[in-house]
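Chain lettering (A, B, C, D, E and F) follows the sequence in which the chains are written, and residue indices restart at 1 in each chain.
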């Protein structure tokens, strides 16, 4: 009982964190139909800065890391990413009113990773002084790309079967390159490479890192506004999407938390790392995922998958998921 | 002196701009012009300029001048057939007059 | 095969975009497309893109495809009557051709 | 005599303050027809950052403030805002060549408040080490909204009387909500709420506050350019607008200074607070006011009210008004 | 009731926008509208919106409504003659209908 | 032999500097066809901030500088700027497949100065703790404007002779004012004026200076992407442009280095100043130069001069030129 109360109080405290507060603030602004707009150029720049910061730090840290330590978490990332899509597609497509290709695209988006959710978690861990291996955020593509690939392959198999005869083979390589070329992964990987091979410490410490938290608050505000605005997309599709979008992030996060815990026991993976793994699994892609899926699974209805992800999935992943995993870690690892 | 020519206008999602451009070039047009646009249609509102967390879903308007009405219509039909079942968009044609000095 | 339809173009101040859109929808149009524009008219120069301390005064161009010339004209007349005494703006019509597959 | 000289020298020193210097610099650039442009996205972001910073600080400070202390200054703000519009409309509309609805809109804009002028004053007070209650900038809406409401109601009464019969009732509530929804007040109020109810100290101290001065300099530059560019709008309308725009800011500021002095004597309102109250009264709205008035009083000529406010009113309010009130306070309160 | 009028459309490099505007005004047009545009033509691709280190080389589309077809054609010919040998650009005309209330 | 090895190792170390690293990173991104885009508004803002920072510092420092010290370096700047264009035009226009007006425009661009290259050099000198007189960057217009003027005058003379009869006199003054009005020089000169005549220390130290390096990294990334993207412009023109663009920056830089060395011997001009003079000479204008030339020499093919400058000239000037002059200075001045 005390444990639960303790858990709840820890949970609530985190709601005052700037990342969450700005997210909720953005939703309120949109709900009150405020005319405040964050210009698109600013939003894109915030995203770039965040991914560059995550990439640079990852690159700088991987230099000194034992590559072997990364192996198990990386495998978990790949497995979780694929599993979310496979299981999600199966479950969702059985639900009444849900088209199979929409189900696949939606679970693809939930299997992929949101850089801004990840950044919010990193900032909140810092606030709580929970440490993690600095290369953990660099596991992002290990979960993101496989999830998108599985979704696109599944959708193609499904569509091919529907049309019979037309057995258009799905080529995996173009999906990978198109993911890597997306603005989010490009920025992250460029940051990683610069961190690994050059000496960017001076701009990292004087620019990318100090602006990180502030720009994240602007980003969260924007995402809150967008989440509310896109809610009516969700009204156009079956109610089951809202149900899936509410629970899937937490289920995914908890599964990844469990597997992360195994890695903790086996290889000493840090509690902070376990939390971030859960956050990645619980997040759903907001920047690169949607256009990738839109181009690769044209028949899927974007109102279904973007509505689910942006309006419900992401707010739940950030506002419920992150505090949940942190509180859980505090209980489990006695932080 | 001016000569008759045609213009085809395509309004659709930014995410397929490259593919539409390929069709336009394949049909032999000498060029095209692209504008950022917002709008409202059967598939909801699309803003432009405002931060879009989900990129690639704002509208573009693509205009192509072609020498013959026929080419314009072919482009319109091909784009509509290939994309407008899955992507939101409309297309229409206009008559225009070009100067002698230009070749389209 | 294409069919005749009409287009009405409205260039006016961004500040009344929402009100103009309401008129367009009330007249039964199926959609509209909006562009940011600068320009010069009887009421001075309007820039676009450049920082405007005073927001809402840059131009927008709104284009509406309608099935009949009549609807287009009605929209034009209504917008001009309601707004162009107080707000800067112009409006005009064009003939267009649409594909059979589309309903406007 | 010495007093006057002392006053003048204090006055001149403040002209080297970055805020003023960038404002004048912007006017010079435009005068020399420079092609330098500050992109609109950057300008909008600067405005957002400034209002967020003012709001956040206000919210953080109101927590510990005695609400009772705010009462009298808030009442003064409301009274001054309304009085400026009522008296201004009466005076202006009597002048030859001035249409009544243009007069009402113009005095409405001068009754409302400019966030950037306010920010410039805050920065200049900090430079001079003049302190003020941190909640004073949060009085902004108490002067801004009533002024706009009075102007819109006046204009509607006037237009209804002109048309006779058509007694369209003016509803006040839509005017208030439309003001609150405007980008400026939205950002300010969101900041206030976040400051009051959450823990944004870390982004306030690491992002919004340190960038405040620098972004203000960019804003001042932009406003200087716009002021010069819009001067020719003013040439299209009666000369009386220029006269009004030159003197009204100072008259308004001095009246508010006087009332603020009363509050100082009665309730110990700080000298810095008195100055800021004067600055708000002397400023004229540049962001939210113009579109609000344009939509609500369509028959008023924007060249008249925007020309007056942006080209003459704002530069006078910043470059003459702020130094004037500071120098006056130094003389009156012996700072 | 509507009246016949003409529209001339000019797509060219932003760097000469001011000069083109001068021609338009010199020909007696009452105004013009300007859009930022990207595009592809005989002289390569031009992006819009994306950071252009080399400014001034993105496209603008300029539209002018004129009372007579003749004025429109004159503007088109003059702009083409003066600029299109050295600058990239195209121009074309369209028929439009204007409302009685407007003078162009 | 040891000298050469030493030189090479110094040379290579500088490749890890963030400025170079981001430039190369941008080229790689474009080569891999990444969809990452830096919004135009952000790019323009970076340029503004950089030039403002350079101008402000120059202005603040010139106050205390001996104007006489500036004389010789300023003369060298003017002479080098003009000489590059005169000699370059002569040489280039003799090459097969090169039109005379294209040759003039190209050498005009290489005679003019790139603010971003200059900024990159300033940052790299700081990293190496090489000092220079703070007014040196303010010599920029002394080289930039004369180079553009010479190019435009030459082109007009050439075109007038070609057309005979039509002896349109070239007026110099409009070329100067149009250069000064360009966004780059406007920002620089405004910064200079503000630094000289007002007290902008507080925004300089709290905003413009600390953001300098970081924004430069964003700028270098953008320039890298643009350089690669514009390579195919170069494919449309004679190969000799590529040859010129590869060698001219280094030749120009070395000549200026030599003249700077003379100034060092005669008047004690600092080694850092000599390097910056070489960098300016070696750089080719990327912001203001192209539109100025496009407007003033319409018949010249922009694919030729922008292709040469942006795609080859600038990367060579930054990635080879700067390290070269630094390494040379270390050898010559024993830094």
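Just so it is clear, a contact is a pair of C-beta atoms (placed from the backbone, for glycine too) under 8 Å apart; a residue touches a chain by one contact, two chains touch by 3 or more.
Source: prediction; values computed, not measured.
Shared contacts of subunit A and subunit D, meaning chains that touch the two of them, come down to F.
As a whole-number value, the distance joining the C-alpha centres of subunit A and subunit E reads 46 Å. Taking each chain's centre as the average of its CA atoms, subunit B and subunit E sit 19 Å apart. Listed for subunit B are residues 35-36, 49, 94-95, each touching two or more other chains.
The set of subunit A residues that touch two or more partner chains comprises 37-42, 44, 183, 211.
Chain-to-chain contact here is organised irregularly, matching neither a line nor a ring nor a star, and falling short of all pairs touching.
Applying the touch definition to every pair of chains gives A-B, A-D, A-F, B-C, B-E, C-D, C-E, D-F, E-F. Chain contact summary for the complex, subunit B toward subunit C: residues 9, 11, 35-42, 48-49, 59, 61, 73, 76-77, 80, 84, 90-95. Listing the residues of subunit B that touch subunit E in their complex gives 2, 5, 7, 21, 25, 30-36, 65, 94-99, 101-102.
For subunit D in complex with subunit A, the touching residues are 39-42, 44-45, 48, 180-183, 186-187, 190, 193-194, 197-200, 202-203, 206-208, 211. If you check the complex, the residues on subunit B that touch subunit A are 13, 15-16, 44, 49-57, 83, 85-87. Subunit D contributes residues 37-40, 42-44, 183, 222-223, 225-226, 230, 233, 286-287, 290-291, 294-295, 298-299, 302-303, 306, 310 to its touches with subunit C in the complex.
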